[in-house]
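Once you scroll down, you'll see the structures, which are given as structure tokens.
Presented sequentially are two complexes of subunit A, the first with subunit B as partner and the second with subunit C.
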Partner chain A sequence: MTSEPRSGFRYISRKRRPQEDRRFLTGQGRFVADVDLPGMKHVALVTSPYARARIRGIDTSAALGAPGVLGVLTGDELARATDPLYTGIHVPGVRRYPLAAGEVRYVGEWVAAVVAEDRYLAEDAAELVAVDYEAQEPVVDPEQAVLPDAPLVHVDQGSNVLLRKRWNWGAVAEEFAAADHRISYRARWHRSSTVPIETFGVVARWDESAELLDVWASIQMPKFPDHLANALRLPGNAVRVHFDVDVGGSYGVKRGIKHSVLVGHLARTLRVPVRLIEDRLENMRGGDAHGPDRIFDVSLAFDSDGTVRAMKMRALDDLGAYAGRAPLQLGKPVGAIVGPYTIRAVEYEAISVATNKTVQEAVRGFGQSPTNFAIEMGMDRIARQLGIERLELRRRNFIAADQFPYLIPSGSTYDSGDYHAVMDKVLDAVDYPALVARRDELRREGRLAGIGIATCLEPSGGNSSFEPLLNTRNETTTWMDSCMVRVDLSGSVTAVMGTSSSGQGHETLLSTVIGEVLERDPDTVRVVHADSLNALPSNSPVGSRMAIMLGGAGAGAARRIRQAVVAIGAHNLGVSTADVEYSEGAVHVRGTPERGLSWKEIVAIAHRKYHLMPDGMEPGLQAAFVWEVPGGGTLPGDDGRVQMYPCYAFEGHLVLAEVDRETGLISLRSYVVGHDCGTVINPDIVHGMTYGGVAHGIGAALYERFSYDPSGQLVSQSFMDYLLPSAHEIPDIRIVSHCTPSPLTTFGQKGSGESGYLGAPAAVVSAVNDALAAIGLEVNEIPLWPGALGDRIAAAEETGTGTAGNARAVPWAGPQ
Partner chain B sequence: MEIKFNGEHTFPVPREVLWTHLNDPKVLTVCLPGCTGMEQIGEDVYETSLKLQVASVGGTFTGKIALTDKVEPAECHMQMEGSGTIGHATGRAAFELEEVSDSETRMVYTGTGDVGGLVAGVGQRVLGGVTKYLTRRFLTTLDKYLADEAVAAKGDGNTNPS
Partner chain C sequence: MSKHEVTVTVNGRPQQACVEARMTLVDLLRDVLRQTGTHVGCEHGVCGACTVLFNGRPIRSCLMFAVQADAADIVTVEGLADASGNLSVLQDAFWEAHGLQCGYCTPGMLIAAQALLEETVTPTDEEIREAISGNLCRCTGYQQIIEAIRLASRSSTAQVADHDE
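On to the complex of A and B.
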């Protein structure tokens, strides 16, 4: 596909109110909880209080006799009637069903479901379901879980290590041997997630005469209708997922496949519409939506001038009890494993381990933010060791603007970028010397203050190369998205998209790019969400892909409309298509504006006057476009080298933080982020993503954690214990924009849905470590809670040593 | 998650009286906070049902208490396990009764427990405090029970002047 001109856009990059705003701001959004079907019944869940236990028996008789109860379903019954849920990697011994069958594997796992006239009656009856458990010793610590004598989460799998891959890209051993210096360190990213205000919800209705299951769900999941049909043993065209449901926040986690299989099965067997909306506790402990939980052991080889030659990284990820798509989150970072740096050789070992914890799911960045955090911690360490200013050290390792397209050791080619230019802009915008002076002034007052820096990438245009990379049985090489554009008799333009939206502004995106191509006012373009039976293929808004993929598909379909309009116009003006000009929907003979046809006239010909159509042209005015991810389409090599994502957005963070000496409380004083995601389609939407992303990253760095006690009890199930940053904790965030267009996309756009989040945790830790350096202390695990940090500061100030209490550094275990 | 409790309390009754009361399911039903029933199902084994509220979590709980290593009237050990809508718990506790005087007895108690489920997940921040509170409420209710009984006994004497 050819590229549009990159400047002088009519609608793209211009400030324009998102089309969705009116609906949401006036309370007219239609969420799954707004779907109210006649005769709808409600589900309550019986959940496991044990991290690991055998189910000896379930007595449902009292619950079945309770008022208003239609049915009680147990795991054994459901396992007989359905197929196991999709698993992203090849682990035949790990079978996952919506309800536990025979054994529970984490606290909060669903054991039985009760359907009743309303939710209150269902919950009352659920309390009457008597489950006879035989408690067993759980495995909670991921480093214990890999040991040979650890209790097995899945006995049939024979090991808790569900995935272990090691790749060697480049002359790692030689670079390590030749380097002036080497360091090893550990970085610990504890379990957090995105926790949307709207929990997961699903409504299903079975139409017996049509043999069709209608599903409304707050879903953001690739190939969800297929997974649902497969698990329910239905043909794909017997499941109709309605994508016109607004999703109240997601950033990866709205993957309620188990909820939907359960509710679909209940609706089908009970012959009534059934609804399940998670309450907060169900969402937090049993929604299977926790994020990465990672231990990084990293070694870096570098020279005295600060050049980083090579990296060895081992990432141990605690998956929780089952493997959905979560293990693939170790694969995506392969596509940006060297960050924005010219590191020449990399050894990467990815290990997924099962434990008796809530199941991990995709979270914003799909594993990239933890990886960026681990890399950036190393850059700071090298800078400190060599006495090089931290941004200068990064600059010495940046891929330069004239090196693009740039092939990294693991096989991805970065499309474009100008990292120095972005950082120059950031330093200008923030008045860096003044920021340093402010920090030093705080220090003179006796405070612990520090400046944090993080520079990193957002791989975007979500492809699925990590599927075949981590599972050789999977030969997925396309991750297409699509759009259909129709022009009706009145000349109005309607675009149809085949997935639901969770706040990304897809309607604004599509109307803007279609308006741009057709030169028609985007506010007159209506965007509708199809259902899964009348949609063209989509892989859903994951991996920062929709500006690129849906935008590209919408532009492609619009271009076909434009070509048809030009062809009809030229035909009726009696000249060749090369001799006409298209202008705002009208067509005229080049150089003779008075000889032309209006948009309305051409539309009327297409819809009514077949005798005026060019020979062989189909009537009507509509076009479909299915777009493959640019640069995709190939399987990984045996060495694991693969083009992961097509586009690479850059962000550079600069933050001033203060650590309270007495309490360990961290406050952020100033925050600026430089952001280059190529051509921006809608500035307000992109900035909104970035603001939210920074706040989300600050949450991961300072507050948010799903904590487990040694017996596997989740002790942060509510927002009293799982702390979110509020407006009080988030400083004013300044965004500095830069545009290096991507050569691979229609308008030069890159993805931005993960922006901010990908660098904020690293930047906050960098700032805290700059502050703590004064007392010889360093932190390497997040979130940084004040209690533990305060104790360490007190200990450090007493003894003068700062290393006690850190997650211990473990030297790289692989070949040196 | 683990909970621990220990302490001591002095009751204004002789040791034998206290021992008898502590082994009487009727007395325990009245004095145990939230206890809705206690039934002997074997020698020194009781089944009990409780209705409890811990922080925002409320619900029912049924369990078994087994008394072991009884040294009448001085020492008793207990094992408990149970479960209900608010979660599950296992625990061990022991008490010793020491004579302070002919009419006063000191109870020294220790216990450890392990709780899981909703009460651990949601109530954990307040679990320590709630444990102390429930223990104290048991002791003060028993105090009052003993005092009421003494008043009633005296009253009996006064209204029966034969």
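On to the complex of A and C.
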């Protein structure tokens, strides 16, 4: 790490050991699979072997007679007893239940659930459930699925196209007509996901006397308790979700609403605590946690000096068999649709198409990383066509530091940034001429080596404006988060948050900002996760929002405590609040340090001595703070212009890659990422998420893919074929930090939970294309598996295509 | 399904259980002996979350049956700190370097690193990467984990040097 921003803060931005680490290092974390309730029973699932089939009948008799079995539930029974799961867009013909009712729509879809004394017995019995299927022709290719004569995934919906929106922001046609040049290209982002090492799990217990469903789940989902209660036809206060469950990674996908509805229903009807912990196969096939699967068709209009004037982008997303929340991932990128560039006009068409594949879920960046990949591929193409160095081309299009706040065509205003400064630091840190020399040396040795560049933004502070943008029936304009801070009689500080955490270090975040405001040692601040019945509203850690939103709420609550302490102190010192100073929890008369009251004395007054309290002040020392996302609160206009997220972090990647001529295997030799997310609360946590994001992006670019065969069978459903990068594949990564504070947030912080991932795929592809340019090849789809790439290299070298000049466009190979 | 008596020593304590032949070692540790620090990630031997020391060597406890562990000496993450709860040098280094995020792969990662450092006091970065290459982490990109193991190696060496003086 270099150039760590200095700060005038007492605790913020300084090295501090994360508070939550200790329990994980000693094996004392409490994950959902560690929850052990007396009498708890276990679920195993019966899943579909077909991509599309009618269910003619299910015979559960043998399973019901198997040892240790308490019950077998089928989709028809569950559909009668529950309401369909929430869908983010308006598609009344797409009804989704935890178990398939009448028809299966993808391989691995759950058909029946078996509950038994232990998981081994449940699996034994699941094998005895006999399902009579009538197989049908599946829809696998998204470009076929959009055609009018395609078989329908949902007959009642009348079309596989579940969402189609097109917006025009600015004078697109005029810019295209006036530009010196135009290019069109395709970029293909195949299906991958976040794939946490912990699968999804949920435990539920129904208390008949209280009429209350207790739920422990590895959850990261906004409004999860509400959705759960709605589907179970229960009032919201009959569901209590415990947020003190440690979540073993999520990065967006841990939203097991169907799992939780199923288990909640089973616990309620069987009158026993029930748990479902996905095994890896269930997770990969039927966990409904796949990610974006996108075909971009892009046109760019630009001038000979490299200025990009306008962009047309069509994004076709293969969302799988049910809508869920995934189509909304086409909306979020609207908030940074021009990336860090001054592109003046944009046409954007978003299409979600249903196919017979596993359902998508929210994935880190919520669609932004694929979009960046598509934009950055175009920037590289323009640079090659015009013969302008690739970073120089980007610099010519960067929004300059003095242009902020900057309104982009689609209606979002970027808060702050200094993209040139970050890239200057990156070039210095990496010694760019030396990196180029290293690449050229490799080339002289006969190797295919290339340097990749990608710059992009991380919209942060998630406000969910994409919901009303893509669904006019949805009028969501607040996406608040909150915190309660209490000071007890001993003077200890406790903060209460209303969501679970999945590795983001929220306890450290909250204790740091509260310590900062109260000038108290953060290590003495305890942070607890409430349950959904005693929590203030939270929208969970999505959209890189918690540093901004939870941090802002914690600081807001702490400020109220501080104001109360000042008021009590001034009152007892006989002066006005303007005439006292607050210092580390104590209060004294300004200029007279010996006339003061200690923290302990003030706390004692608040808790015990009402006669010493200022008139009208409530006793005790506690404060709640609910914070609205800065800049939120308005619906999109009719033209689709909307302020998406409030804050925009920047990242610039520079990578050196080598492609093996024989095998097509890609190795990364050097990786540097410049990162500006404003004020950093905890440097180790922010760097960690960035390193991890880069690694996740490398996985998406090079290794990870949920592949389907033409019959709709998922052929990469274990870790033997869905390849997560190991320590061998991830290079040493260097982070170069810069700090442009946000003017909109409490301490100038922006979000960082999606950093690295948003630019890494684009950067890796950029490096590979720089390497392949020598043999006239270009790649435009990821992941870049060595086998196929090696074949193409061999073919290119055989036909003797040129060794210099612009890369030849390669037709998209189609979905496989 | 036949049941079998198994005796294992877990973190220095002899334990007995009566288990089905098909029960995996990780299920014995977690569900029967309630040592839940060891985690289950893939159940097919790839992710390494379930790694424990088995007679001193790191193994996948999801790929072994409990009955195969009869008379074995097993160390899990719960056995790394000392009896009064003081973190080991390795655990402390992971904390200092923030060599974790969600904590799910952490127990297996610690065990893999422990096995490495017991064999190789001052490993190179390549040796560290090799030693943890069978343990998948989705949060960290491995960077701070590698830093942590380097730091633990330096700290152990320094402690030995102090002791020698």
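One rule holds in what follows: the second predicted complex is superposed on the first by the 793 of 816 C-alpha atoms of A that agree within 3 Å, B and C clash if a C-alpha of one lies under 4 Å from a C-alpha of the other, contacts with A are read in each partner's own complex, and residues count from 1 in each chain.
By definition in this document, a contact is a pair of C-beta atoms (placed from the backbone, for glycine too) under 8 Å apart; a residue touches a chain by one contact, two chains touch by 3 or more.
Treat the numbers as computed from the prediction; the structure is a model and nothing was measured.
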Partner chain(s) touched by A:D431 [first = subunit B, second = subunit C, both, neither]: neither
Touched partner set for A:D244, first subunit B, second subunit C, both or neither: neither
Touching partner for A:Y50 - first (subunit B), second (subunit C), both, neither: first
Touched subunit A residues, subunit B compared with subunit C: C
First (subunit B), second (subunit C), both or neither touched by A:Q713: first
Contacts of A:E441 with subunit B and subunit C, given as first, second, both or neither: neither
First, second, both or neither for A:D180, with subunit B first and subunit C second: neither
Subunit B versus subunit C as contact partner of A:E127, first or second or both or neither: first
Residues of subunit A that lie at the interface with subunit B and also at the interface with subunit C: 718, 720
Of all residues in subunit A, those that touch subunit B in their complex: 49-51, 107-108, 127, 133, 281, 285, 709, 711, 713-715, 717-718, 720-721
Of subunit C, residues touching subunit A in the complex: 20, 22-23, 30, 34-44, 46-47, 49, 76-78, 80-81, 85, 87, 91, 94-98, 100-107, 110, 125, 128-130, 132-146
Of all residues in subunit A, those that touch subunit C in their complex: 17-18, 20-29, 31, 33-34, 36, 120, 194-199, 246-251, 277, 279-280, 502-505, 684-685, 687-689, 691-696, 718-720, 724, 726-728, 730, 732-733, 756
Of subunit B, residues touching subunit A in the complex: 1-2, 59-60, 83, 85, 87-88, 114-118, 120-122, 124-125
